[in-house]
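Sharing a structure, written as structure tokens. Questions coming.
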Amino acid sequence: MNNSNLSAILSLHAELSLVVVLVVVLLADLLRKPDAGGRWFRVMVCLLMGVQVFLDLTPDARSLFGGMYVNTPFTSVVKSILSAGTLLVFLQCGEWLGRRDTRFRQGEFYVLTLSTLLGMFFMLSSGHFLMFYIGLETASIPMACVVAMDKYRHHSAEAGAKFILSSMFSSALLLYGLSLLYGTCGTLYFADVPGLLQGSPLQQLALVLFIAGMGFKMSLVPFHLWTADVYQGAPTGVTAYLSVISKGAAAVALAVVLRFVFPLMKDDWTLTIAVLSVVSITVANLMAILQGDMKRFMAFSSISQAGYIVLGALAGTTQGMASMAYYIAVYVVANVAVFAVISTIEQHTGGLTSRDDYRGLYRTNPRLTLVMTLALFSLGGIPPFAGFFSKFFIFAAAFEEGWWVVVFLALLNTIISLYYYLLVVKAMYISEPEDGRCVVAPMRSAPGVRLCLVLCVAGICALGLCSGFYEGLEYWAEAL
Amino acid sequence: MEEITLQQVIFGIVALMMMVCSVLAVTSGKILRAATALLFVLFGTSVFYFILGYTYLGAVQLSVYAGGIVVLYVFSILLTRSDKNMNERIPRGRWFAALATTVAGFVLVAFLLLGHGFADTVIPALEELNPGTVGEALIGTGKYQFVLPFEGVSVLLLACMIGAIMIARKH
Amino acid sequence: MEVHVICYLLVGAVMLFAGVYGFFTRRNLLATLISVELMLNAANINFAVFNRYLFPGVLEGHFFSLFGIAISAAETAVAIAIMINVYRNVRNIQTDDISDLKG
Amino acid sequence: MNILSLFVLIPALMLLGLWAARSINQVRGVMVAGASALLALSVWLTVAYLQARGAGETAEMLFTDSVMWYAPLHICYSVGVDGISVVMLLLSAIIVFTGTFASWKLQPLTKEYFLWFTLLSTGVFGFFISTDLFTMFMFYEVALIPMYLLIGVWGSGRKEYAAMKLTLMLMGGSAFLLIGILGIYYGAGAQTMDVVELARLHNIPESMQHVFFPAVFLGFGVLGALFPFHTWSPDGHASAPTAVSMLHAGVLMKLGGYGCFRVAMYLMPEGLAAWGDFFLVLTTISVVYGAFSAVVQTDLKYINAYSSVSHCGLVLFALLMMTRTSCTGAILQMLSHGLMTALFFALIGMIYGRTHTRDVRELSGLMKIMPFLAVGYVVAGLANLGLPGLSGFVAEMTVFVGSFEHADVFHRTCTIIATTSIVVTAVYILRVVGKILFGTCHNPAHLKLTDATWDERLAVICLIVCVAGLGLAPWWVSDAIGGSVEPIVSHLLVLNP
Amino acid sequence: MEYTILILLLPVLSFLLLALAGMKMSHRVSGLIGTVVLGAVAALSYMAAYDYFSLPRQADGTFATLVPWNAVWLPFTESLHIDMGVLLDPISVMMLVVISTVSFMVHIYSFGYMKGERGFQRYYAFLSLFTFSMLGLVVATNIFQMYVFWELVGVSSYLLIGFYYTKPEAIAASKKAFIVTRFADLGFLIGILIYGFYVGTFSFTPTETGLMQGAMMLPLALGLMFVGGAGKSAMFPLHIWLPDAMEGPTPVSALIHAATMVVAGVYQVARMFPLYIAYAPDTLHIVAYVGAFTAFYAASVACVQSDIKRVLAFSTISQIGFMMVALGVCTGAPSHEGGLGYMASMFHLFTHAMFKALLFLGAGCIIHAVHSNEMSTMGGLRKYMPVTHITFLIACLAISGIPPFSGFFSKDEILTACFAFSPVMGWIMTLIAGMTAFYMFRLYYGIFWGRENKELHAAHVPHESPLSMTFPLMVLAAITCVAGFIPFGHFVTGDGLSYDIHLDATVAATSCVVAVVAIALATFMYARDTQPVADALARRFPRLHEAAYRRFYMDEAWLFVTKRIIFRCVSRPVAWFDRHVVDGFMNFLAWAANASGEEVQPMQSGRIQAYVLWFMAGIIVLTLMLLLCV
């Protein structure tokens, strides 16, 4: 191995550092006593992730392995966001993982989750569809194991089965689509494809299959149907991870690929994305109204959020990219906060996740309620929380490209989304519990959860009001 | 009338077998029979690879799929007693919808494939791909070389292994 | 006369949609999984065929097929593990048994 | 630091103070201190503004400041006031101040209540000081959302329904608004979000104006209770707690008119030319329709809510007349309606707090039982029906005279139709006054009720003084407003001769 | 004459003092404050009148119009603004005298009448407010100031009518009064708007160019303004509020609903008189016809009423009709050339204010004595209350037009003017004058003669009122006796030039004869214990009697309009529409969202096959979309 190869390897520092974390966790898991509480183990993982977050960033663009791997400042920032989000999820998972029936599996949880994160990193940095596909699969197959992790709970198993089956179906179609692309272009290097695209009908089909495969990951309607079931059945921490990290990674990856690989077919994919976006937002919103289970409800909420996220891809501009990454970051903190609250309540009440159980929550747990409220407001796009800014920027990006009608329809949908977010707020603050007493007793959440909530609230409040973050993203996106 | 080559004959037989077996694999009322049909399809696929000259690929196909996966299927079928309680009847409406979608999809794809006008290229018969080339490409770092995906897949396999063991083992 | 590339592709397409049909109609989870195998194989055939026929210079399609096989093997392994897990939970692996979550 | 930023900073500090407060007295202390500081600040600002104008300051906006916020989208935190915003700030400060006293004894969750209340006022103040479209919109939404909890938790009647309806309808309006703002920004070449700057550029293509003017106007119009998007108002106001009704009807609804004027009309005059008549018809309907609807209502708050529909309709109506006088009248009407409707809601809340009913059929003879509140109610009623010497008259007359200045017969016909509302107003006001205050009390339980307490008296007197002050000495407000309306109207008139 | 501002300021100060601090004062103190202030106002008014009329006339022979105070109150545009100020010219000075005199008398009178009433302080506060508003109205420098005070007068009237706020009738009456006049004021307002827009000013004396521009629209503007005047002055059909307004305390009726406020309409027409004459003579004649009809209508109703205050109210309406007619029959400004009516109208306004106030105050004494308004509870009261009797008689004679009482002179001028306009009008008005004499003496006999309600009087012996009440009666009676001899034409005429009043012998004789005959008829019918003729007539024409007694069903018509049309046919449907259509649409949207959610819910069936079916279908549809659209 010569020097340049070594430096090339080192340029993969995001992935390498993640692999190091993974290996350390794997070894530590082998060393620790399986039935111990594993608190220090969890602390260690979180600390490692905390360090890893800062190792993702890279100031300059690199194309390595003959174009197989392309790392740009922008993707490195997105990786950082994803790492940070993973850290938040890990923090909130502590309580669940420390439970007697899961504690001996926490090593596996971390390893599998980190390997999916690694897959996402590959996906983001890929310069070739093969790499992309491997990343995509790495990001989803171990996920199925994690989803089914509460293995003596029927719902978890069902969720795992549904996830792996639909994931395979979608990946098979995606693969078929890629084969068609290969057959019509002759190469699958991102750098070479644009020159060979003609926009022939077969390529259109390939494009649709590709978008559908990514739409599955992001759960865009009509490829979303697994989402609610899996979110509901999976352990709450995993749901949080699924809803923010894998969705965010898929969205950015899709946007990058569409923008740089399919510039010639821009008309095709913008139209497709526009339709998917509007349909996703609308259908998900309509469905979310009817949900009584919080996790299921959040699933539909996340589907509609995905619809908003792809608006950034729809724009396909620098600003679109930046606002998309921004949206994802904001979405991560808000959604993780919501799931942290849901999971805390679930853990402390023996699995209650129905909205009706939240009635009168404000009286017993005002702080949790407040966090939940802020997070929901942020998701609903209420200022001064970050969600407002992210929505505004992403709408602006789509608007700039002339997608007025799409933006307008999305805006109208924010009313519905606000409605169902307020339903939760209503349950917590306004509604009277059935027998006058809230089913959730006053509780004290675990330190990890509290740290997670504090970080999330800080993010919800600061990401919007401090303009530096977005401006930074915009700057990095320009260097894309 | 031109001469029919051996390649054509083999292709014709194998293709026919694969198509029939594909259909059998998804319609057969007995799941073990379906698994067998799958096995035949997988064999057929590897024959294709051999025809194309991708011996290495065909070998992998044979060993991994036919050797590994199908066995896994058979084991799990027996483990879950799927061969005993196979109830494949579905309501007529759903069946019709499934068929319609499938046919529509197939027609669409076939139409597009036929309409694309792929070049009529001739491939040299039974010219094998040198396994050394494959190995080189697999560990090289340059363009058209695939060490990085190789590493990626290894991570994936590791993760899947851990996951599968975690899920499947009893505590 | 040679076998035209389109013949391979059509075989692949038949496999793909046989798999799709199987997925739509099968009720046993393992049977569903078998259908997916067909679909994955169809794609893999395409890669190899395209590579050999149209772009024989380099081995992209070949490797795609190769890695595709590996990945589908991994997927299958995980899927079967999950099926067995389902079986442990409900003593059955019909799709009807995994349709509790809905609405 | 810019003096105007204090209007946001003080409420922000109040929020912190409330968060830290441990007892109800501390909560009240923070509220009174903050509200008084805001009131003092706004009075000082008014004086300083008038002095600056008196000294010959001719800039459109005074006390301006601008800090770049989101450079890629040219979003600045820019502040500045003209006569219109100054009086609106004054109005807001008065109502926050009196609202604090009106909810002095509110239970339960007093601290939380005031937290949301203060957040609401932050939004209101922020909106009026902003000259940047984005910050304006942001503060607008900040002001909207606390309403949900304020009504939902502390409201009465069908509060959950009403709170949801109000929030969703207003948010629906803001959806229109947002698309309009984006339209303005990109239509003007994506160079700036500053309102004054945008007006100066005046380069939004006409075709875009035709699309985005109605969006923006509608967006703000929903908050301004424009027919047929006013139905949140009766339900919302009826269910809201006292101070929230006060703040909402008194100030928040004014955001609508202010926005229509400052954003929709000012920035898109060609759009206005195309859509003006259409909206004029809607507002005319609002004015008359609201008044007639109020006649048959039986809930005091519903009556006042419909009355607000009518009066706020008059604001938009006057704005659409586009003469200097009518626009001045519109601002005066905002001010006047803000004060008197706050007074009304305060009194209704106080009466409701005692009798636990707002049904006019169940109330009677309150004049004897609670003379102070009853007299206050009569004064509010008289102000509402436009008695000279109280604020309503000044505003309405300016509106009518100004509207009649319009050279077009259609506009003058609309004016005449709108004037009929003053008769109907008299009908419903006197009906209520006659029913609930006069006569003898039929309900023995009401006989034991007491009159207003000191905190309530303070709030009521403060508002009455303002209503009468505006009614007796309107010239300085009128001048201050007129001077600031002038540049906007002349901007419109150049294009719509 | 800057001190005239005090005439306005004093009552308002008194009002503020009494309103804010009244509850803390004793009745006596508060009453004194009000009365003393009013005394000062009256003195100032007399001084102002003296000063004004003793100023030398201008070169053209008219009195100068003085504006000692004027300031912009509410600016609209360069030319349009509401000013507040004091304008002194002959009619405003005359009105100052009338208002302050009557108001002062009423203040004194109320001391006795309202003694011990709950809300005594409030009563005086309202009286002060009213006086202020009325004075402000008459000294208005522009039409909008007039409107401002016009509204204030309306509100004071509302508050005073509803003074006994626990009485349902009082509440209803006050509401009715306000709303009816408000409705009329709408006309006034629109008139002002038109005037302001076309003439370009709110001033009473527009510029030449303004008049040139606005000449076309002036008749309309003036006509609409007259609608306002008609409302305030209770012209048919807007008169319906006035009889009900008698629910207020009687001194209030005397002040507001007899002497001052109700003539505001007349004053308004007089104020705009130059414009009427120059630009809208036809409108002026409409005023005359409306006035004449009202006068006749009210007189005929007054003939059958049994409530003494109602009789007086209809009499007031009728007399205001006379004033309107007098203004309306003018065909020119100079008194010798068709402008006599102006002087006559103002003169009648002046004399009528005095004797009608006297009548009301007298009626107040009577009501005070018998605690009822109904004539049936009276009869034969002359023994018990001599002062009241005599003063009441004087007033009756005055209103009937018997010389030498003041009414004779003013009414005679009116009739002269009418005859000059057209003989028909003259005769009609003469007839109405006769009816006036008839119903007044019917009233007089019914109260003081006729059959005494012995049982009632035995239970509660009627007594003469205290001095505080009788003193104003005597003062007003004295004025009534002498006012006719005031050389009114010297001060107030249509063109401002001095005019010597001279009686037209024929007209005077005719009217005297008619009056005497009418009185004789009344004496014949009502002076005795039994009233066979009247009863026979009532029996002979039951429908007519019933209709007249019910004021020709005008109240029913009013109820029909308000309850049926406005309330039930407009407001109810509007409110229903609002709840069910407009709001219903919003609720429908919410319902639709929910329903469509339920529509798409089956998609989420829980079956994995269905999920992938949708997946596949989505791909096919999207592909087709791309193939077909791009």
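In order of appearance the chains are A, B, C, D and E, and numbering begins at 1 in each one.
Heads up, the rule we're going with is that a residue touches a chain if its C-beta (ideal position, glycine included) is under 8 Å from a C-beta of that chain, and two chains touch if they have at least 3 such contacts.
If you're wondering where the values come from, they're calculated on a predicted model, not measured in any experiment.
Trainee: Using the contact definition given at the top, which chains are in touch with both subunit A and subunit C?
Mentor: B, E
Trainee: Which chain lies the greatest distance away from subunit E when centres are computed from Cα atoms alone?
Mentor: The chain lying farthest from subunit E is B.
Trainee: Given the contact rule stated at the top, which pair of chains has the most C-beta pairs in contact?
Mentor: Counting C-beta pairs in contact per chain pair, the top pair is B-C.
Trainee: By CA centroids, point me to the most central chain in this structure.
Mentor: D
Trainee: Rounded to the nearest whole Å, what is the centre-to-centre distance of subunit D and subunit E, using the mean of the C-alpha atoms as each centre?
Mentor: Here the centre of subunit E sits 37 Å away from the centre of subunit D.
Trainee: How many angstrom lie between the centres of subunit A and subunit B, each centre taken as the mean Cα position?
Mentor: 32
Trainee: Roughly how far is subunit C from subunit E, going centre to centre by Cα mean, in whole Å?
Mentor: About 96 Å separates the centre of subunit C from that of subunit E.
Trainee: Nearest whole angstrom, what separates the Cα centre of subunit B from the Cα centre of subunit E?
Mentor: Those two chain centres are 102 Å apart.
Trainee: Residues of subunit E touching 2+ other chains?
Mentor: Only 590, 601, 604, 606, 608-610, 612-613, 616-617, 619, 623 qualify.
Trainee: Of all the residues in subunit B, which ones touch at least 2 other chains?
Mentor: 94, 97-98, 101-102, 105, 108-109, 113, 118, 144, 146, 149, 153, 156, 160, 163-164, 167
Trainee: What positions in subunit C touch 2 or more of the other chains?
Mentor: Residues 9, 16, 19-20, 23-27, 32-33, 44, 54, 60, 63, 67, 71, 74-75, 78, 81-83, 85, 98-103 of subunit C each touch two or more of the other chains.
Trainee: Pairwise, which chains touch?
Mentor: Applying the touch rule to all chain pairs gives A-B, A-C, A-D, A-E, B-C, B-E, C-E, D-E.
Trainee: Can you list the subunit B residues touching subunit C in their complex?
Mentor: 2-5, 7-8, 11, 15, 18-19, 22-23, 25-27, 31, 34-35, 38, 41-42, 45, 48-49, 52-54, 56-57, 60-61, 64-65, 68-69, 72-73, 76-77, 79-80, 82, 85-88, 90, 94-95, 97-99, 101-103, 105-106, 109-110, 113-114, 118-123, 129, 133-134, 137-138, 144, 146, 149-150, 153, 156-157, 160-161, 163-165, 167-168
Trainee: What part of subunit C is in contact with subunit B in the complex they form?
Mentor: Residue list for subunit C touching subunit B: 1-11, 13-22, 24-28, 30-31, 33-35, 37-38, 41, 44-45, 48-49, 52-54, 56, 58-60, 62-63, 65-67, 69-78, 80-85, 87, 92-94.
Trainee: Which subunit A residues qualify as touching subunit E in the complex?
Mentor: 161-162, 165-166, 169-170, 173, 199, 201, 204-205, 207-209, 211-212, 216, 221-223, 225-226, 228-229, 267-268, 271-272, 275-276, 283, 285-290, 416, 419
Trainee: Please name which positions on subunit B make contact with subunit E in the complex.
Mentor: Result: residues 94, 97-98, 101-102, 104-105, 108 of subunit B touch subunit E.
Trainee: For a test of understanding, state which residues of subunit E touch subunit D in their complex under the given definition.
Mentor: Listed in rising order, the residues of subunit E that touch subunit D are 72-77, 80, 82, 144, 147-149, 151-152, 155, 158, 162, 165-166, 168, 171-172, 174-175, 178-179, 182-183, 186, 189-190, 193-194, 196-197, 562, 566-567, 570-572, 574-575, 578, 582-583, 585-586, 590.
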